[in-house]
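Heads up: the structure comes next, in structure tokens.
We just call them A, B, C, D and E in the order they show up, numbering each chain from 1.
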């Protein structure tokens, strides 16, 4: 792992009453790569995301981001919206959280709120539709259209997001997160509810985001056909602790991981066949 | 056991089911596969009248249940693990499980809860945690556990493996098979994990745009080139 | 869901009879203590009086009413069921546009048609005040999804700001207008700040409490507000300095003398009408534009999912406060106009009932719908007005109507939501630019 | 037909007063029409409900203007009368009101005639009486924060103090609540024996009941609203401790005896504002007959210039429109009836 | 000191009355997540029923106090529950599944309707009944001030506490209570589990109305005077109490009621009675700033 470290998490602990959801966890996430976080249900993966993105205040520990333009940032000290706005660390949710009554396009435009709000002169310029604002709006629209195209959502751009099928909503959530211009994109089970074919498409997308756009991705996923095929690096959690770390190949054969997470290989092993 | 005939269903002016015919025999595991938005979840919910069938007939155990109010349907022995889990977030895990037993024989309670706890030990550990704070996968286990608490004759599972770790996915399919063979439970299963699903299923249907386009035994469908191309393989 | 079952099933007369009998039975139960019995005061002590005739009539009417109602509903449903459900093309946006222009045209010509009818124009002015209030509250409730049961506080702040600026410093309507708006906005932020973390119904009670606090302070702080006596002789707005008076002060012109017209009280009424029409329309354009700006979209997003907003880097605090501030400011403007039109304000005009009416207008209209607010304001203001002929049944009918409209159209009179931006249309517009 | 109108709280909290007004006016109109009407035309009564809400009052006023009424009796609440009068004055409609707030006539409108006294006079009489009668006792002054109640209480306190009896307590309560045990305990603690109250009778009844429970004996002095017999029903025997100021009782007016009887026959007790409403209609009928016109200028001149015999006595008005001899008298409830209090 | 004690007693009684109405509020809230603005008016209806019942009993010369009270309670509960049922059936059930605000507006409409209906059918005048339960105990005397507590006050506090405990048990420990809460959290899923949502909600409304009925009888006995307007103030105060204590929590409603009663009593006793409502609401806002879900309300943790 020679790539520069983008995010380094040190001895992070998160307790809920008597329950320790994350226990002294240290992880580092390289820039421009895909890092997967896996682990059994309740291992603390989503909680880990919540700590990174300002939704929970960790009990102890530090989360440092080496922002390419803005220098080092301490994420654990930043509140909810600042992590996304200033540090450009953007996430999706395990339980989809779109703006259901708004159209897909609107969802993507709202994601560009900070940029547009500034351009609208905090509404003063916008209310008179001054050219500066109109230009910004056109730009935002272009970006939205771009991601709609990339995720195959163009046809449903003007449909209310809440009326769409589950799998589609997953993709919209990713598109929306991309509109925030993330430096680090945190995806919580993006392949849940997708069929194998769609998962494969997701693989392609994730790889191209990482390789072509240089966006670092932190991925929580239970679908091994995704994890094993796209990750550069995998980190395995169990009971809030890191139990293994390494390349997909290493992880696949790690006995501890097999025992706690993958299960004994039998004729049903999905990972191999599903992506065949 | 279950028989759907020419069922149509709408959400407002969206026509989600366009005349589906589905049959499930006693003791069978039947699976539904189909792309995103094909109408799989709608089909399951339409058994409960949410949304109700706008035309067509649904027969369960020889009785027409097309117009029966939702709450009477589960009392006939149908339980569902719905899409999105729909656990009660502000109740404890135990209370959620108790909700599953509203019309079950109280005599079975101890055995049932033991069985569920044996399947998902984490639920026993967390019995008094509020369900809304469970992790995604734990919630999924809870939803399955809740459905099993009423000892249904017919179990509807809408993507039961969603959000579960691989080790649990294997467990789930094992459990489905067990329930079917040992307890004689009939199962209607929706899965994105079509491989798994078709393997455990006796028969399967392929749903497309609200219509059944293909039906056959699990093995037939697994081998069918259309199914392989559309649902089983990554498209490149 | 039971409704669905009933709808599909063609009812036999016997079933209809049973249904009506059940309703009659309930009516009997409800009627016994309220209709059948009453207590009257006979020389210092109560005695019970029975009114079985009235009770009988009430039960009979319930039976007949239900029977006929069901019969009609069944007919309607049968006819509907006979037609196959066709996928309707949603034509609402166009329809709304057409209705909107028609309403606008009607409101512009109204004073011309009714130029001698003081009552009509005055009532129309009241409607417009509520429309404006509705549009203001719509920002908070309809767009941002923050339940506000104390909106009347801002209306009061606007009205009192003008009244006080006038009585202490002699400010005119036009001078006070902006200051009062700013003042109300400041109060909006003042209210918004402590309750940022509250949701739903907690917000409701706190806003209700805030409205009460403002009212109680106005009642008790006599030095400031003249207490319950209110503030009177508030001057009417002028038309570019021309007052609407019969006898203008020495050496000044009034509207009538300037234009060489004979004085008529109607001039001012009509002027006030057009003034509020312009204010309301400005509000409308303002809110409609805001909706298509980042703030407006942020409000709606906030209503949909606050957590997702945060994850998109949105400063939720600012978004909420801006909704409160802008909603309050619009309420403040309406308040200034109200003070100027009434010429007299007292805390009694700013009670919870007033807040409830404004909220009802927003919800009945269909949350977030601008035209819906107009329709709902028309209904809610005109109903009690028309009801004046029924005198003591007036408020009874008003309450009933509120329930019935809600039951008839749970989403509000106009409930469709128009996207703030469309890919197609935006693309073609972009092409032109 | 000639349209005349009444306006007041026909619904809402004070609906019982509206009811009195309506009954009085209906009877008067029936009587006048039975005698052939006014100037050969029958009177037609329009009823406006303002629920004591100033905004509705303006709306009612506009309705009435539209109905081309020639005379208005109302409104009842001062806070409604004041804004509504600005509408009537522009439409040249004379009005006779029972609203007692000084502002009603102090604004110099020429269409207002007050057939009742003013709060300041009322307060003066009541306050003076307290100072004379209860010298040396502890007196609390309480109001309900309404325009009427607070104005009256302030005047009572002023008059008392002027006569050398300083109130021990000066407090306000919130009308419409039910629990006044807090204030009662406070009165008890302060050893108050006399309560000067500005407000409506409903609260007085509750205060009396709760005082009784707390073992506190209170004498209450109130204003014109205490005429309502609801007070007796609600307060029971304790009502006998209530005194109030009101214009001389029209029921005692020997000239009014036949009318009183007619009301009683119709099962309407001519208490409170019933006779005032009757008198207001008489005032209009007489003025119109004398002026031989229902034009505003003529009516106004006649009303201001002459005096009129009505069921509530002689009515004559000063330049502001206030009654020339308001003459407030102190009454006391006794066994369900009110009567002049001992001097 | 004696004065403070007396005010404490006053405050507690008033607080118990608020609490009693608030329990009904909070229970209905707990099931459909909606503020039932008409609850105060249901309470008012029950007070009128109580007045009629008391007057009837007096006419039949039934003077045994326990008998009369029981009879009145039963009558009031019976008819008021019917009102609770009917209000839900007509104004709220058709709105199931629409926005949260629709039933709120419908409730406001219902509240206006009930107020005016009672005004029309029963008259606008206040209705008094003669004192039912007189006397009390003198607890303490100091400085010429006698501290009294009346039987009525004792009865009100006892009844409130008993009902609060009973209903808390019902809601948190029984299957019926669980089903009620389930209806609020996800009514569709509740139906899928075989529970008749409509019936559960109706039953809750009837229970809520029964609680309002008890409150109505207590208030009638305590104050002796009712009118068609009493529901409004009581409703707002009880609503505030429910929120202060944490909406959905029955002990919270009770606690909130007591706190508001005490604030009112002591603020009026030692500071200015004019601003006691300002004090109440200011304290409410203050509490909610630090505990956004009220005193005993469970904090709404939303796991993302």
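Just a few scattered comments:
By our rule, contacts are C-beta pairs under 8 Å (C-beta built on N, C-alpha and C of every residue); 3 or more make two chains touch, one makes a residue touch a chain.
Note that the structure is a prediction, hence the values are computed from the model and not measured.
The fewest steps needed to get from subunit B to subunit D, moving only between touching chains, is 2. Seen from the C-alpha centroid of subunit B, the farthest chain centroid is that of D. Top contact pair of chains, counted by C-beta pairs, is C-E.
The greatest centre-to-centre gap from subunit A, using C-alpha centroids, is found for D.
Distance from each chain's C-alpha mean to the overall C-alpha mean is smallest for C. Between subunit A and subunit C, the centres computed from C-alpha atoms are 44 Å apart. Averaging C-alpha coordinates per chain places the centre of subunit D 36 Å away from that of subunit E. Per-chain Cα centroids separate subunit A from subunit D by 74 Å.
For subunit A, residues that reach two or more other chains under the stated contact definition are 46, 55, 93-95, 97. Within subunit B, residues 50, 69-70, 133-134 each touch two or more of the remaining chains.
Shared interface positions of subunit D, i.e. residues touching 2 or more other chains, are given as 11-12, 15, 145, 172, 230, 233, 236.
The residues of subunit D lying in touch with subunit E in their complex are 11-13, 15-16, 19, 145, 171-174, 176-179, 181-183, 185-186, 188-189, 191, 202, 205-206, 209-210, 213-215, 230, 233-236.
Only residues 48, 50, 69-75, 80, 82, 86, 88-91, 95, 98-100, 102-103, 130, 132-134, 146, 150 of subunit B touch subunit E when the two sit together in their complex. Chain contact summary for the complex, subunit E toward subunit B: residues 175, 178-179, 181-182, 185-186, 188-197, 298, 301-303. Across the complex, subunit B meets subunit A through its residues 11, 14, 33, 35-38, 41, 83-84, 122, 129, 133-138, 140-141, 159, 162-171, 173, 192-196, 199, 230-236. Listing the residues of subunit D that touch subunit C in their complex gives 10-12, 15, 47-49, 51-56, 58-60, 62-63, 65-66, 79, 82-83, 86, 90-91, 101, 103, 107, 145-147, 149-151, 172, 229-230, 232-233, 236, 336.
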